[in-house]
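This is the structure I have questions about; it appears just below.
Per-chain numbering from 1; labels A, B, C, D, E and F assigned in written order.
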């Protein structure tokens, strides 16, 4: 990663957890695991046009809309790995208040709290 | 606006349409119009911690998840008023593919097309 | 309706439009039309335990969550037919602000506006 | 609270749990906790036009649509604190059957069962 | 049941668990339990026009969209009881990738894994 | 198509409209159009394990859950192109009643009606 000026998004997002996460997805279904690696990450995420930090802050908001706590936690960590401060993550989650209301947003801040307390 | 170092988010987002949009909301219900101006914009949006361009790109993604074409169009324009390039807006909408699937994303790009063709 | 101490919910909700609405549903699919009449209205709606006005205010809120303008309009009229004031309907829709956020709520007030202006 | 003919909605809904709940929300994020207290409760909930019992029955239905068990449990208790009978709460949840289908409704009745068995 | 060439859908889907599941639903609310048995199963599911295996594969996809793990597990078992192979269930869940995105689909494959490992 | 024992899913689903639909998607965004063709259709849809008719009936149910009328119409036609009878399409849409409730299902049957009347 050090010599590569643009590391793959999944290397930054998952960091040292990359192999463990990929293995877990492959165990669920090898085709599904491959789609996530080759399409979601190496195609959509690695598409130029928007910086990775912004992509991950958007991912955090979308996962708040879906109510998916484990994935949200992964991408809160991913946003910070991509350079977001805690304040920027809080700012991204707070944008869900006017668009999605309070219950989904409170659930997302609960995930953030668990991540910060780990 | 020029002398003010931090204009209100709603001034940037709505630009010359601000009075028209606020009037339309007030006509629906004066309390609702007030909540949107005083709480959604002047409290949540104006909260520091994340830049306005990032907030608007997140808004575009959340409105894609909600399937709300008129509001999405307002905030595509708002994102660009806040400094986002067309490429960054496309990047924000494209992040909806892995998280929300294709139908919601295609509908959002249709709104972008209408905005660009106006 | 006057002599019947407890008219069927669908008679109150739909009023003079009952036959037209039922015909439209039967034309879509006779089984579907029958399910809505016999199960949704004559079984679930006519179940005792909660007054019809409250049921219709709840229906208005749920249809706001679903983003279903035509059905929402039918049940705004139904809530008023069941005794709700305009202020109570506005109060029911406004409860969607903290739970669902602004875009869905604004869309619902737009349907209310169209109903009141008819 | 005793002398005030119209206590604040959050005093009725949360009862003796009010301080604990507010503290938990403030711990997640002080701005978020403040928005919920000052805007969601002291502005939207305390807006006149609809009685608190009806507001809470609507909240129960909306939380069924969102699939948010902890908040649903809080507002089932809140509806009863505001004067709703168990039968009225069952009636409100049952309205979710025709609008949202069975899985969301069954999950809501499971929350009611846990509340009643506490 | 033995002489009937077309057993009721709920007998096939629930198999030996039928009484336990029905009792659990009746305990939540006797009306709700009755609606599920008499309307959802004995009316909608038993309606001719589509084979039971296809109905259950569709149910698995819809429960993936709802994010309802316990019901999804019941209907993964139901699909297999109705003749679906593991490969067909995987194929049904995989169809959620293009329509709903990855987070909901990964959650569904997690339920499948738990079912297969039981 | 006649000599090919397993034509591509998108050839069957779109039939003579394939070029027009692909052009419309490419015009929205060339990357998005490519993702739909190469990933959604030529990878996920063409994955073996489930027959195309079942995949399209599932697609119709998922598009009912999303409330996406234009895509639903495309895949109602696609299901029929893949061999589904009108009765099977009605059966697939009817499965949405117990899982999603009536408003989404009625909207889907409205799309079916428009398709059959064209």
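To be clear about the criterion, a contact is a pair of C-beta atoms (placed from the backbone, for glycine too) under 8 Å apart; a residue touches a chain by one contact, two chains touch by 3 or more.
All values derive from a computational prediction rather than experimental measurement.
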- Where chain C and chain D overlap in contact partners, by chain label: A, B, E, F
- Query: Any chains in contact with both chain A and chain C?
  - Reply: B, D, E, F
- Task: Work out which of E-F, A-C or B-F repeats the contact pattern of C-D, with more than half of the residue-numbered contact pairs in common.
- Result: E-F
- Between chain A and chain D, tell me the centre distance in angstrom, where each centre is the average of that chain's C-alpha atoms. 31
- Query: Counting in whole Å, what is the centre-to-centre distance of chain D and chain F, each centre being its mean C-alpha position?
  - Reply: 40
- Touching at least 2 other chains, the residues of chain A are 31, 35-36, 39-40, 44, 47, 63, 66-67, 90, 94, 96-103
- Query: So what shape is it, when you link every pair of chains that touch: line, ring, star, complete or other?
  - Reply: complete
- The chain F residues in contact with chain E across the complex are 36, 39-40, 44-45, 47, 49-50, 54-55, 57-59, 61-63, 65-66, 87-88, 90-92, 94-100
- Query: What part of chain F is in contact with chain A in the complex they form?
  - Reply: 31, 35, 39, 43-44, 47
- Give every residue of chain D touching chain F within the complex, in rising order. 96-103
- Contact set on chain A toward chain D in their complex: 67, 90, 94, 97, 101-107, 109-110, 112-113
- Taking the complex as given, what residues does chain F use to touch chain B? 25, 27-29, 31-32, 35-36, 40, 63, 66-68, 71
